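Some structures are shown below for you to check.
Both complexes shown next keep chain A, but they swap its partner, so chain B is in the first and chain C is in the second.
Let's turn to the complex of A and B:
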């Protein structure tokens, strides 16, 4: 009988738990209902949700997106909102995991989200695009760069696609004659890294560059790169292409320095942030070239104002993820204004309206001037190459 | 025909019937809540993951609770099930249009392949005494994950293309389709999993494990767990029964993996979903629910899947709270003092109700 009792208690617990959640959602939908009802009288709000990792390995990217988006939303609200409506912003953590990202999406839906700016990481984003397509919700990802992300019509990217970055890097190296023998060190367990690597190698061969070493590592073995570096060195590579994130890149630079190997290091947008790595001797990053749409010390007014606000609010220099997120919010604003959207439209109507106008708008942002979108969801903006000199980015 | 009488039934049968009934009741209640529109999207989205982890926990409980062998690679079997199941769906998508049939095919393939891997690993390891299974399964989980990350399989009009480590080697014609694209895993998997499918799978796996445990083979398995030498002395074929339990355990984990893959449109082998941590997580479900207690595993898996999502309001602190709640729950369930205290409360309650009735 004792066991029966415990089971009974346990089921009761589950039941109350489920019921509790049910009630909560009811309450939420009621709240949303009253808000919607109040819309006609005293101004409803656009509810923009965002998903990204704020805990776990990739937390730094998610936090940058969250902070920057908040700045953009505050600016828009201070300037009178979108089409005269204020914007509400909510951010949910997904730990860069596909399953948790879908949970976060559902949680935001319960909050009443109308437009999604996310997810930050690629795998998570692909899982979420399926759900937004079902609901017809407009989705703009700041930084999920795989081409698989934009398969559905309702999804757009604010960042370059991976193939784009790989191709652009190879072209840049070949056109500027930086090297003829190149080595690549990439993370084979990362969608981002292997995606760029594949197109880079293809384009490099087409451009007549000699890829002398293609060395990979995985998320499980990202603390020692001496083998990969030695192979690149013995193959005589003059340039090492690093389509990886800056944490690993900082280790590679330190270890290369220890070995006395000094090729040109060439990175893509993931390297951005390397100057902020703790306990990393930034003098080692001297001469690193990277292809990024955003440089925090650019002289234009928009960038400087954004960087100043970001530093004041969060005490650090924003990276490219932050810039993409900031732009993404303004892109949503531009699309909503072009479509004449109002918050009382249903999620799917709003989604259809915004999707329809996306190919027509042109946005000047931090990461590019005159950004336009193809109907497929791909952005077109020019990559900028910068070199690290005296601890700062200098345009090349 | 003998009349069904709850009182005259064996205790085990009664317990089993009770479990099935509770699951079906929960299913009906949830369906009613969904129909009434009073269940949040978050909860609805969590239903399939809850089923998935319950199934895997049932599988692992067979291995840990009844076979008495520690396996910390069940996420690896889940991974095998997820990838082979999804692969099967991608290949059959064009020929079979019925969603249910498609899912059943995927489940069969995923389960059988996971069982095969369990069998192959079991052959050398289960002959040994000691904790070797834990170490080997741990290694297996990591190896599978890494193999999938370097595996490229594609299909086009010329047939199948395979490559290892270098996806660039495959040149696809225009109608070509990637099946497994290295680290990108399998994408665009049709959404076939549903709560109904999950509940049916839970019932089926429970049916399998309950019947195994209460059969002649099950008693042999438990005899091996309790005293290997005694079991050997009465002529039980140790390796055979160990292999049987372990293979079934792996198969059930594989079925859970298939359900997992068809709930998301993309499946990648990352440390977060099929890594060591996930295996430990499943072990936590089993330990919290009670070794050898399948019902407990289901409840623990459902609760612990739910907990971090319900705590979303706490933002970044939720994983901290989650850990504390986990410790508290472990203590409440299994600390001797706590058990004593709970028994006291229960007897007091019984006394009170007894008095009330009198």
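Let's turn to the complex of A and C:
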């Protein structure tokens, strides 16, 4: 018995040790990958932290946010900073996981973060909002789109809320006559996906679209979609609405192709990034339509300058998450200038000051002209639709 | 026609479960242990194929063969390092070790390959079969998966019945000590079992990823659990049981999703498992085994 206990304890120890080691070194490499830039003057600086996945399923979003925010911070610093103070920016990886996101938040607080631009994904962001509310810290998420994110007064969104995405998608499909019979495939275990699905179906019915199939999957069964596609096909759906992330969408496109089913696939911001999946055959995504506030080929000067800078620095075309993050940094700047904020204010004073002026500001950004905010935290701006053509996003 | 196509999808998914379940069932039959790291060996096999085929541009055949070699070596190594020293320990200790190995493989893959999803190119280039004027489409991957499953089952049954090594496996599974007294090299036989099981895991992994083309360090865990369920369903320790269990599980899962609820498909699968085990505690083809005292 004694021997058994020792063997058991030893194996348990080895197992936890191995698991722990894996995670720890991973954490270290993430920290090394992020940059603390900007703090060039010796005086006080605004410390803006950001959290999002740079590894894992949603890595493309987090990376885009990190890169674009860095561009915005560098521009602001070069132009003299916010209210004359330079901005320091630090980014932490959370792998789109709630627990890791809270850990990242704590380590950013140790660094001295005063304003949070994050988290990038909804589930992780909800976990962090409780912490920022306790600390009274101003939080602006570039892309977490659930309404649950903005329950607390101190949290604002730079992106559309989920209900808006669902409603806007249904309106777009109906107004442009893309289809009359639509099917939906959504992830019922995700707040993001089921939130959009609910409002989409409601608005679609109000607009006279026929929702012929409402199919779901869960986090545990997200590899086989043949059944859901089959049901959509036999119900005669001309358009399949996919309020899901690009990882699953890439499987759906592959399987639909395999079974010879070619409806119009219509997605929202979660589909953005599908062209970046390693080894994915982008010809399968040809003709996929997605609703997004940003199109990289837009002709205005701000977009073109941002896209050029981003391409030069990171070698790829920025997606909508990059644009939202870029705008988010400028929104923070606008709010801080309106409130006359200085870096020596306490975190909660700064939070209260910025929260108070948010409903009063209007920002012209990449993702919308004259963006305004409600006191609830919701943004108001107009969506655009883009279509994937020859492996790139093109405005419709 | 829809029903037929659901059924074919179910058989295809079930065939993959059946090949994975073989690994569980053979190891259980012979070493009397649950090798929970089996699902993660599948994942390693997929990464090897992905790296050689998609990154280096190899032909699918040598890529799959190499991944079988790597998985076989990995299976033998795991057995030698993690399980062999515990051969006389109580089963619980080995079970915990297996869970440890499983986490080790997942975390190692996370470190080496990163957590981002990779899109897996199907190794099957066969065109889809269109029947009844295109109303029924059977993908090339499905055909290859089902054929591979049948070939493996037949080959394995022949191997066990006709060869000396196969007979030795049968002997060890019945009574380890008696087999040793009869001159069977028990350690070599157990190693061989792990080698075959892990080599099959590589094939199963490649077929699974060809049908459901994404690859992450956690790719092996869910099919691993389902295949373990299939092995128990069919009667753990029985090779035909793994086939029947796997295919039934696949069909129930797909039909459940199609006709009952796409959210409840996993719940339905496990509910059926519970009912089967209540009626027949050793699984569909399980032998009633007397505990040795």
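One rule holds for everything that comes next: the second predicted complex is superposed on the first by the 352 of 396 C-alpha atoms of A that agree within 3 Å, B and C clash if a C-alpha of one lies under 4 Å from a C-alpha of the other, contacts with A are read in each partner's own complex, and residues count from 1 in each chain.
Going forward, a contact is a pair of C-beta atoms (placed from the backbone, for glycine too) under 8 Å apart; a residue touches a chain by one contact, two chains touch by 3 or more.
Small disclaimer: the values here were computed from a predicted structure and weren't measured.
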| item | value |
| --- | --- |
| Comparing the two partners chain B and chain C, which touches a greater set of residues in chain A | B |
| Partner chain(s) touched by A:55 [first = chain B, second = chain C, both, neither] | both |
| Chain B versus chain C as contact partner of A:226, first or second or both or neither | second |
| First, second, both or neither for A:254, with chain B first and chain C second | second |
| Touched partner set for A:370, first chain B, second chain C, both or neither | neither |
| Contacts of A:234 with chain B and chain C, given as first, second, both or neither | second |
| First, second, both or neither for A:280, with chain B first and chain C second | second |
| Partner chain in contact with A:146 - chain B first, chain C second, else both or neither | first |
| Touching partner for A:217 - first (chain B), second (chain C), both, neither | second |
| Contacts of A:340 with chain B and chain C, given as first, second, both or neither | neither |
| Common ground on chain A, meaning residues reached by chain C in one complex and by chain B in the other | 3-4, 7, 11, 14-15, 18, 21-23, 25-26, 55-56, 95, 188, 216, 218, 220 |
| Of chain A, residues touching chain C in the complex | 3-4, 7-8, 11-12, 14-15, 18-19, 21-23, 25-26, 55-57, 59, 95, 188, 215-218, 220-221, 223-224, 226-228, 230-231, 234, 247, 250-251, 254-255, 258-260, 277-281 |
| Residues of chain A touching chain B in the complex | 2-7, 10-11, 13-15, 17-18, 21-26, 28, 54-56, 92-93, 95-99, 102-107, 109-110, 123, 126-127, 129-130, 146, 148, 151, 187-191, 193-195, 198, 201-202, 214, 216, 218-220 |
| Chain B - residues contacting chain A, complex | 15, 18, 22, 26, 29-30, 33, 38-46, 49, 142, 146, 149-150, 165-168, 182-185, 187-188, 191, 260, 263-273, 295-296, 299, 302-303, 306, 309-310, 312, 315-316, 319, 342-343, 346 |
| Chain C to chain A touching residues, read off their complex | 2, 5-6, 9, 13, 50, 54, 86, 89-90, 92-93, 96-97, 99-100, 103-104, 107-108, 110-111, 114-121, 128, 130, 134, 137, 139, 141, 211-214, 216, 222, 254, 257-258, 262-263, 265-266 |
